[in-house]
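Supplied in structure tokens, the structure appears directly below.
Letters A, B and C name the chains as they come in the text, with residue numbers starting at 1 for each one.
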Amino acid sequence: MRLSARPSSGVVLVACLLLLWEVSARLDWMHTPNWPPLTDVLVALAHDTLTGELPLLVGGTLWRMAAGLAAGGAAGVVVGMLFATLPMTARLFGPMVELVRPIPIPAVIPPLVLFLGLDNTMKVTVVALTVFFPVLTNTMQGVAAVEADTLAMGRTFGIGPLRRALRITLPAVLPYILAGFRVSLALALVVAVVAEMIAGEQGIGHYLVMMQFAGRAPEIYATVLVLAVLGYGLNRAFLVMEHRTIHWWFAMGRQADG
Amino acid sequence: MTQITRRAALTLAALPLAAPPLLGQNLTKLRVSVIPVLDVAPLHAAIREGYFAAEGIEIDTSTTTGGATGLPGLIAGQFQVTFSNTVSILLGVREGLDFRFVSGASRGAMTPPDIFAVMAKKGSGIRSGKDLEGKRIASNTRNNIVWLRGMAWVEKTGGDWHRVTTVEVPFPQMADALAGGRIDAAILSEPFVAGALATHGDTLERIGWPISETAPGGTNAQYVAMKDELNAHGEVFDRFGRALHRGVDWVNARLTDPVLLELIAGFSRVPIERLRQVALPAYPKGVTPGELDDLLVSMKHFGMTGTYPATSSLIFRTAAV
Amino acid sequence: MKLSRIWPGLVVLALLLAGLEAAVNAGLIRRALMPAPSAIAPVLWGLLESGEVLEPLFATLRLVFAGFAIGSVLGIAVGLAMGWFPAAFRLLEPLVELLRPIPKAALVPALMLFLGIGETMKITSVSLAVLFPVLVNTLQGVRGVDRVMLDAARTHGWGPAHTLLHLVLPAALPFILAGMRISLGLALVLAVLAEMLTGQGGLGFLILDMQRSFLIRQMYAWLVILAVVGLALNGLFLFVERRALHWQPALRP
């Protein structure tokens, strides 16, 4: 590991922009209390982190996001496998799925609130709905892609349909399913935050709106920073996990390349 | 100094009350949905001063920022009590939802300054509802108490409310929108009136008081619970009402005392220097059929027509004071 | 032909609606929260017939298309520059990596602080959501261009600008379009969200406002309209994509 003596032009650019932020706010170029200096934002961030308020809120948001990912992902895989292996189910329920899919997800929050209230149940359901569709699509595509060769083998060995689905199809489709999860991951975070912003009462999304109503600009930008770090961290963590889970897939890919 | 002694005396006075329920049974948990605004100060005071604990109740507050956001949580059984503005509550009642008033929360003042103000740009020449005809007025949403009082003010000051365009703007953005000329007037509620004057005091001014000019002391917001819940556990709500109303007394005894503002700053996160400028609401304990009937007349007049049940049937015994 | 394939699904849908209607009428579902479909239909028809639908519909569509266009153009331009000029890549990569993972929905309250709640702020949030997927896909597309073809272009004496326009851009087009398709969905999501949070006009605002005013039939009617918009946008893009890529295989040697 060699530390580069000269930072790249890109890092310089980012540093300059951050400096511009600080200076423009300190000198009040924008003539508004809504443009706080970066250092004020960092102080607000440090304060609410040290009081334990932010970590608790972020933890809640992540928990709801994870629950929604698990529930929506599981449902997506099950329904996707069903649709792909039993075409009749796809013909019966496919149109329903296609009608619900294009509804932009924030719009389903108001009706869901009426039935599920404002608590975890509603927020987890919204995240689950977001995750369900990409995972469903990817699972179906995956099954279609591995169907021909892998399944024929299972059939010749006389394995029953359920065991075939669990033992052969599911592992073979796993890379596609995980890709679906990765697509949903960023959206799941967004939607968890959005649900909190609209329904309130918990999480980092509610904190954001609270601070907006309390007129505290530094806290608003601090929240955006927290969410950026979260988004980045989640994506990284998922890539690592994906690599671990389906290392054989990457190994095969590398062979094919060579 | 006197402050401390008074609080100590109150705590001491609370002790004998606290003893029996604390020994005899576990605390009853109540989840209460609130908006972090001035109106809910008595609830927070009652929590902090231990009045709920003395009644054997533990309060878990849950905050939302929209005036009617908490009501669906009440229907879903996630809250036992929800704080909301009277118009939203009555609109739910109109649709057959069994909300019942368990306590009053806030009313407008009899004389200015109100908790609501109509604001306009200095030098714009807009002084009345008449001046606003053909122009744009901002309200945080339609079909709530703020909009209703605002429209009543437009009419009272000679304007035809049909000819005034309502633009929905969230409270935190109103002052900017007004100063930037995107709207011609705005109906703000506290603490946003004080906030607007603090940040845009050189360009914006208050031109009207929508409550005291149209319905002095008019109703604003209440605490509601579901009818079934009240029928099943009326006794719990009796205790809730008693504790909350001791909180009302606490607040009413300190309307000019800095400790009240500290309390409000604590739960609303609004900076205390801004709170020093706000106009406080009146904090009533009860709800009267009369004030609800007056409001219904106004609601029907401004387009929220339909059949509403007799207002006296909507008031639970804890609010009939 | 096509009808015979989807009729079982339509039957299921019809059964579902009928079941809902029966459940509401039997009192199994609280009417104040989920009115019978037969009660929503007249409200929906009223919105369509009176033309009341047009203003919010156009407000939302204008937002989606303006944001989508601006975000796409910027994303393609920056993506091409970063993929084609190493200096541009070095300059912008850290910034892009920094901004990309921010959930764009969370930017809306921050943007409201200094752009206010007007069209500018809403279009900016939609463009930002569109920008990054398009940018990243364009970058991938440019990077994936066949080296052999680039060499061939050079030996034929094509200048860099000519090569970029006539070789790199067409070759990257499938990637760009894939990025744009992802972004179109995001654009609608952000448009609806920005409307909900700024509380002004548009389909997203109306759905939330109707719920909060307990005008539940109206809320469902607007939701149906929004679903149709989502369906139509997706269909429109699939159609455009098929047209745009129609000639694509012919380009390959």
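A few comments on the model shown:
Operating definition for what follows: contacts are C-beta pairs under 8 Å (C-beta built on N, C-alpha and C of every residue); 3 or more make two chains touch, one makes a residue touch a chain.
Computed from a predicted structure; not experimentally measured.
Relative to chain A, the chain whose mean Cα position lies farthest away is B.
Set side by side, A-B and A-C show the greater C-beta contact count at A-C. Chain centres here are Cα averages; for chain B and chain C they lie 39 Å apart.
Chain B has its Cα centroid 37 Å from the Cα centroid of chain A. We define each chain's centre as the mean of its Cα atoms; on that basis chain A and chain C are separated by 18 Å. Each of residues 66, 69, 72, 75, 170, 172, 176 in chain B touches at least two other chains. Within chain C, the positions touching two or more other chains are listed as 33, 112, 197, 211-212, 216.
Annotation for chain A: residues touching 2 or more other chains are 34, 113-115, 198, 209, 212. The touching residues of chain C, when paired with chain B in their complex, are 30-33, 112, 116-118, 197-201, 205, 209, 211-216. Chain contact summary for the complex, chain B toward chain C: residues 66-69, 71-72, 75, 88, 91-92, 94-97, 140-144, 167-170, 172-173, 176-177, 180, 182. Of all the residues in chain A, the ones that touch chain C in their complex are 8-11, 13-14, 17, 30, 32, 34-35, 88, 91-96, 98-111, 113-115, 186, 189-191, 193-194, 197-198, 205, 208-209, 212, 217, 220-221, 223-224, 227-228, 230-232, 235. Residues 5-6, 8-10, 12-13, 16, 33-34, 87, 90-95, 98-99, 101-107, 109-110, 112-114, 185, 188-189, 191-193, 196-197, 203-204, 207-208, 210-212, 216, 219-220, 223, 226-227, 230-231, 233-234 of chain C are the ones that touch chain A when the two sit in their complex.
Of all the residues in chain A, the ones that touch chain B in their complex are 33-34, 113-119, 198-202, 206, 209-216.
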